[in-house]
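First chain A sits with chain B, and in the next complex the same chain sits with chain C.
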Partner chain A sequence: MRLFLKLLARNRLAVFGAAVLGVIVIVVLLVPLLPLADPDVTSTGDRFQRPFSAGHPLGTDHLGRDLLSRLLWGTRLSLAVGFAAAVIAGTIGAGIGVIAGYFGGRVDNVIMRGVDMLMAFPYILLALAIVAALGPGLMNALIAVAAVNVPFFARNIRGITVGIAHREFVDAARLSGMGHGRILLSEIVPNVLPVVVIAMSTTIGWMILETAGLSFLGLGSQPPHTSVVPGVMILLIVMSINLLGDGVRDALDPRLRSGALSRPMAATLVDRDTVPDAQGPGLLAIDGLRTEFRVGPRLYKAVGGVSLSLAPGECVGLIGESGSGKSVTALSVMGLVASPPGVITGGAVRLEGEDLIGAPYARLRSLRGDRVAYIFQDPLATLHPLYRVGDQLAEAIRVHHAVSREAAAARAVKLLADVRIPNPEARARAFPHELSGGMRQRVGIAMALANEPEIIIADEPTTALDVTVQAQILSLLDDLRRERGLAILFITHDFGVVGQLCDRVAVMYAGRIVEEGRTEEVLASPAHPYTKRLIACVPELGGGRRWLEAIPGLPPAVDSLPEGCAFAPRCAKADDACRTGEIALAGDGRKVRCLKPEVVA
Partner chain B sequence: MTLALKTEDLAKTFPVGKPLFGPPKALVHAVRPTNLAVAEGETLGIVGESGCGKSTLARMLVGLLQPTSGRIEIGGRALDRADPAAFGRLIQYVFQDPVSSLNPRKTIRQIMEMPLVRLHGMDRAARAARIAEIFDWVSLRPEFLDRYPHEFSGGQAQRIGIARALAASPRILILDEPVSALDVSVQAQVLNLLADLKAELGLTYLFISHDLAVVEAVSDRIAVLYFGSVVETGPAESVFAAPRHPYTKLLADSAPVVGRPLGGAAEGELPDPLNPPPGCAFAGRCARATELCRRERPMLDQIEGDQFAACHHPIPA
Partner chain C sequence: MGGYILKRLISAVPVLLGITVIVFAIMALIPGDPATAILGSYATPENVARLNRELGLDRPLVSQYFIWLGNLVQGDFGRSFALNRPVLDEVLERFSATLVLAGAAFVLCALLGIAAGVVSAARQYGAADKAITVAVILGISVPSFFLGMMMILVFAVRLRWLPVSGMYEIYGGGDLRDLLRHLAMPALALSVVATGVIARLTRAAMLEVLRQDFIRTARAKGVGEGRVIWGHALRAAMVSVIPVLGIQAGFVLSGAVYIEIVFQWPGIGRMLVDAILKRDILLVQGGVVFVAACYVFFNILVDVAQSVLDPRIRT
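Take a look at the complex of A and B:
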């Protein structure tokens, strides 16, 4: 709640709207107590007095009634009507939406087709028809305005309910013995309520406008006010409600919680004091890389000084659990970490000696996809759903190379054939959703290969795939790297995959590399206690029924790392020395960050 | 051996593209007639890749889905109508995604009390005692009860999910990918907890997973599903060590194992469910397939001892 108010307070327009609305609401609440003339007392002698005349600050109307008093009483009425209409429409509409969305199938079909019919009428025409049938009057105008808004709520809430009704906790509630009514009331409604309230707050203004519109046509509040001052009042109310409503909606949007009110920047922010000196050769050399996320007062040290090098044709595995910083390391290489909140605060990433951290965006852009390409976990999210895969591949080629459209298209088909997609000419014309998960990941690999890069950074490329498809993709990557001399940085959490594909492996824990070495050596005789225990956790096929060695506890949060070794709280061998000071990644070739390694590196 | 759970020709067919009136355009056989038997105290592992029907099968077994045909017997009693409340006391479900299986707007206490009230009609004091007992089993601290689900890590949330399932006092637990959303170090904690609970409470498990090594580590027997049918069943120690069905062999060979060279993975994918092949669904990817396989669907047959395979040309031992 405090966070919500803080986010809301950042939006100046919303604060302004809230202030205006607050003043109006306080004034109209105090109306009965204010020394105002009775709004309905006519005195024909005082007709059409000018504003600022004695006793009538805003003058009088054609029947001699005090306009200020009428304005304030009218505002009170308008706000009440708008609020009542929104509550009525919201309640009925949400009720219909929740029922349609929860039961689905035929119930949904019948209800939503009925709602569609209501929506098929032009809005104001429907309201006019309802008022015409019921007769003019404020109450009937309210009913009409509420009725025409029911479909808006019904459709909105149905969509949200469909999403919630298929969530697992609803199934769990059914298995706990709850009936439909109880599930609707205690599982579904509390979860859609915030949306209903937000939708209401954004529609009250709209409803006041509609009621005013009907009044203007002589069908609502009788007789009509037709002067400038009430118009200004309506403008103020509607504008303030809409500004506040928009502010509320934005503040509740989870995407804004992370601290970003705008789109992420094209390259990660860099804020580093010193640049480490260039070290030995290597195609790609990551040196002391630090990447942080600055979210409000919190500082998440996602990557806390990672050094790693990649030689031509080499496959290096980066292994770790979720939150260990392996993906952030990979994304930092080409400045792809979203900023805000991500900031690179130290270290260097050198591609054949050229430092990429802090390189101009134009330079990064010319390298991205050309010399260093990425493969991501979910190809459905990385491929554009509305373009054919062949066209997307051709586009990737034409961004970096001035070739004709035909040549690029031909190369796209060749690439699809290279990643062993059967019938590549036909598949080039397919949309991403028409391909299976394995085929899509092949397209993702083809995309990465499009400009013959020297380095591919693969971020959990097979995690979302079935085992048989995973095996196909892994052997494809292995073949490609041998054929083309590709260097691969392979990020995964699976030791089996690393063991089959990678020459070297680096193990990450809490943002730092804790062990590094040749894959077979690390897997056969892990030196860091974390590596050793992590390997023991993972059952391997062919081992039969067995008890697994679990690691007690959880990895530390990267915004409150302990001093010394981050693994010490979970480590059986830890003593006081482990909990103080900096522990270096020691060793040459085979490196380990531990005071008491399992084997001497 | 008493049977805890038995299915007879249990099948589920989904209509595709059904208009408001009239028959659907096509039918998808998500689960073809399936016969399974699970003995009391046994863990049956069910493996298969995405789209093989393992979740549909599990949802039918707990009454969340009405079967199209066939019957389910739990503890010798037939349960025909899909009514999760009737199933709930006998068989419970542990979900894959621990966080989304807990209502974000309820406290853990409210979540835990629901099955005790609705299924067992316990009063307040009895509920408190029972929750304390269950929390002790799954090693959760009592102060967690007044917190909301988003305050927990994946591993803790999965313990809460298991505690909720145990609150119904079922004899059978269906574990639908219970550890695949968890990190490996936490995965082992939850698997060990499940093994302890089973030994202590004499539970029967149906353990569904796509991870062969995990299934092999926890199961007594394993059933392999492909394209909606059971293609092989047998003891855990022999199904992947000596597979008889070519698909089981492909699965076992595809699993990443340290030290085994890459390769050997057959190309090819699942058949189109809207247009299934007439014979064996695996024939298109199978090196041993013959004309017979493409014409006639093989039935699940005893190969040797306790090992069954649905194959015209099973792999010799």
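Take a look at the complex of A and C:
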């Protein structure tokens, strides 16, 4: 509750709405005590007085009645009517919804059919018809407005009741022999009530608008809405209620609380002071890369100074547990880390000497997919669900090359054939959901190949697939790489996969590389204790019975990294020296970040 | 696809029947009998009784309902006593005027609302987003009839840019230019609330979609930001925007009542209000049933559009 109020108070628009509404409500409550003229006393001598005339701050109307007084009394009435209509509609609608949701079955069916039928009606027509039957007048307008809103409440509350009616505490009450009436009153209603109250309060504004509308049509009360001031008053009331209602809803929505609903920008934000000197050979050189996530006051250092290089035609594996920063490293290369909250705070990524970090967006865009392409993990989520796969492939070509639609489509079919998709012409016309997981990932690979890039960054491309498909995809990648001389940066958490495909491997832990070397060397004699444990996690086919050793403990949270070696808390060999000071990634070719390596590199 | 449409059309039949029952029941509640309303308060009881018999109003309500329904099905909506012409003729004529108004307003609110929502989401927390958010709040809070009157005051009375009311000039006019001049203000006034609602929902849907993985894929392919936002993201967001468009089309259609009165537009809303005030029961019944039926068919159209747009729900 306190958190809720705090969040609400932070929303300036909601506070503004609450303040305006508060003032209006206080004034309206005080109206009978204020020294106002009687709103209904006519006086022919005082007709059409201008505003600010003596005794009439807002002037008078065509019958000489005081406008300020009429405005305030009218506002009082409007608020009362809106409130009453919301309470009536909410109570009846919630009652119907609770009964339909609780009893379910035939009761539910009949009630919801009726509700749907009423909702199929244009609501003003229904209100008009009701007023036509009852006759004009404010009370009848109120009844009409309340009546047309009953289905809305009934439907909402039914949905919530259905969710509650099958919970354990309701079953328990039923088993203990409580009657339906008592269960409804003691178990269901208290749980539904907050939702009903919120829905009521957010619809008051709507109710006021609707009654004002009916009055305007000459079917409700007859205040003169033709003048500016009452219209502005209605606008103010409805607006403040809407602002407050939005604020309440936002403060209650847990997704907004975490700030997760912000939209990632076209390229990751860059905020770095120094650029490392140009260095190193290789096609792609990552040099001291640092990427952070800034979530509110928290700072998660996902990548804490990673250096890695990739030669033409080479396949390098980047391996680590989830949360080790391997994917963030991969996405940082082309500025694809979601931002906000991601920020690249240091280092450089050089493609043949050209620094990509801090490169203008237009430059980055022209390289993406053309010279450096990505393959992502879950092809169902990463392919556009509403575009045909052939069109998605053709688009990848057409954003980089001025070719005709037909040529791009033909090339798309060729690409599908290249990744060994049978019947590629027909498959090109399929939507992603019509393909199997393995087929979809082949499409993902075809898309990465579309512009014959020099580098492919594969971010766990086989993790979402089952084992046989995984093997096919890996051998496909291996073939393509040899045929085309592709350099591949392969992100995975699976040493088995690394062993099949990669020339070199780098092991990441808590945002840093802890070991790097040729794959067979690292696999045969891991130097870092963490690497050793990680390899021990891989089950070996035909390796006989042995214990699969899980690594005790969890990786550290990257917003509070310990000093010294990040693995020390989980390491059997750690001593005090491991927990102080910076430990360097030592060695040449075979590198390890450890004071007590398993083997001397 | 054809099967889907047929299924939806069949499912509309009970809804339409239900609507006729509701309309008939509400109208049966009206106190006083139509014969008196037609003949005036000085009519003799004998004349009232005779007219009631002629109109079939002396029969039980259930049989009255079935006679009325039977006639409706054959396209006979009865005769308006106040206008002394067939209800269907009047309804069709007035409804076409309403369609022009509501159609124009709907096009406006769909285009403006979606564009504003997309811009707002693409520039989240930026100046444009804030300005649009404030405009949206104002838009959904203003009574449309009040807005209409203020527009008349400013643009017609003060500035004299546009005509005050009506659909065509009485003398001369009648061409498209004349219609557009008369249409501009009412269509805009009618579209404001729906524009706000659509903008809001589009913004929310876009923010949801922009976080999806396939947007990252598009960017990784090198697709430009404009195409990412207005192509990939909007296309996916439309799946949740289309139903809202359907609902808003309904609101625009029924909200036209106020605007038709403010701007003296010869539409069906104004006709209904007049008919209610005059107790012209057959005209009210016919008008309401007709509009509600159009509304139901429109909802079916929206569902069909939805299934065309999202191949996943077709299967």
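Points worth noting:
Everything below uses one rule, namely that the second predicted complex is superposed on the first by the 363 of 601 C-alpha atoms of A that agree within 3 Å, B and C clash if a C-alpha of one lies under 4 Å from a C-alpha of the other, contacts with A are read in each partner's own complex, and residues count from 1 in each chain.
The rule is short, and it goes like this: a residue touches a chain if its C-beta (ideal position, glycine included) is under 8 Å from a C-beta of that chain, and two chains touch if they have at least 3 such contacts.
Quick caveat, the model's predicted, so the values are computed rather than measured.
Touch criterion not met for A:V316: it reaches neither chain B nor chain C. In the superposed pair of complexes, A:G231 makes contact with chain C only, with no contact to chain B. Applying the stated contact rule after C-alpha superposition, one finds that A:V328 touches neither chain B nor chain C. When both complexes are overlaid on chain A, the residue A:R167 reaches chain B alone and has no touch with chain C. When the shared chain is aligned, no partner comes close enough to touch A:I286: not chain B, not chain C.
Once the two complexes are laid over each other on the shared chain, residue contacts for A:N242 go to chain C alone; chain B is not touched. Residue ranges of chain A in contact with chain C, taken from their complex: 13, 113-114, 116-118, 120-126, 128-136, 205, 209, 212-213, 216-219, 225-226, 228, 231, 234-235, 238-239, 242-243, 246, 260-264, 266, 331, 334, 336, 338, 361, 365-370, 373-374, 376, 378, 381-387, 395-396, 399-400, 431, 433, 447, 450. Those residues of chain C whose C-beta lies close enough to touch chain A in the complex are 14-15, 18-19, 22-23, 26-27, 29-31, 121-122, 124-125, 133, 137-138, 140-146, 149-150, 206-208, 210-225, 227-228, 232, 235-236, 239, 250-251, 253-255, 257-258, 261, 269, 272-273, 276-277, 284, 288, 291-292, 295-296, 299, 309-312.
Residues of chain B that touch chain A in their complex: 20, 49-50, 59, 62-64, 84-85, 87-88, 92-93, 95-97, 100-106, 114-115, 118-119, 153, 155, 161, 164-165, 167-168, 183-189, 191-192, 195, 210, 212-214, 216-220, 236-237, 240-241, 250-267, 269-270.
Of all residues in chain A, only 106, 109, 167-169, 171-179, 186-187, 190-191, 321-322, 420, 422, 436-439, 466-472, 474-475, 478, 493-501, 520, 523, 533-534, 537-552, 554-555 touch chain B in the complex they form.
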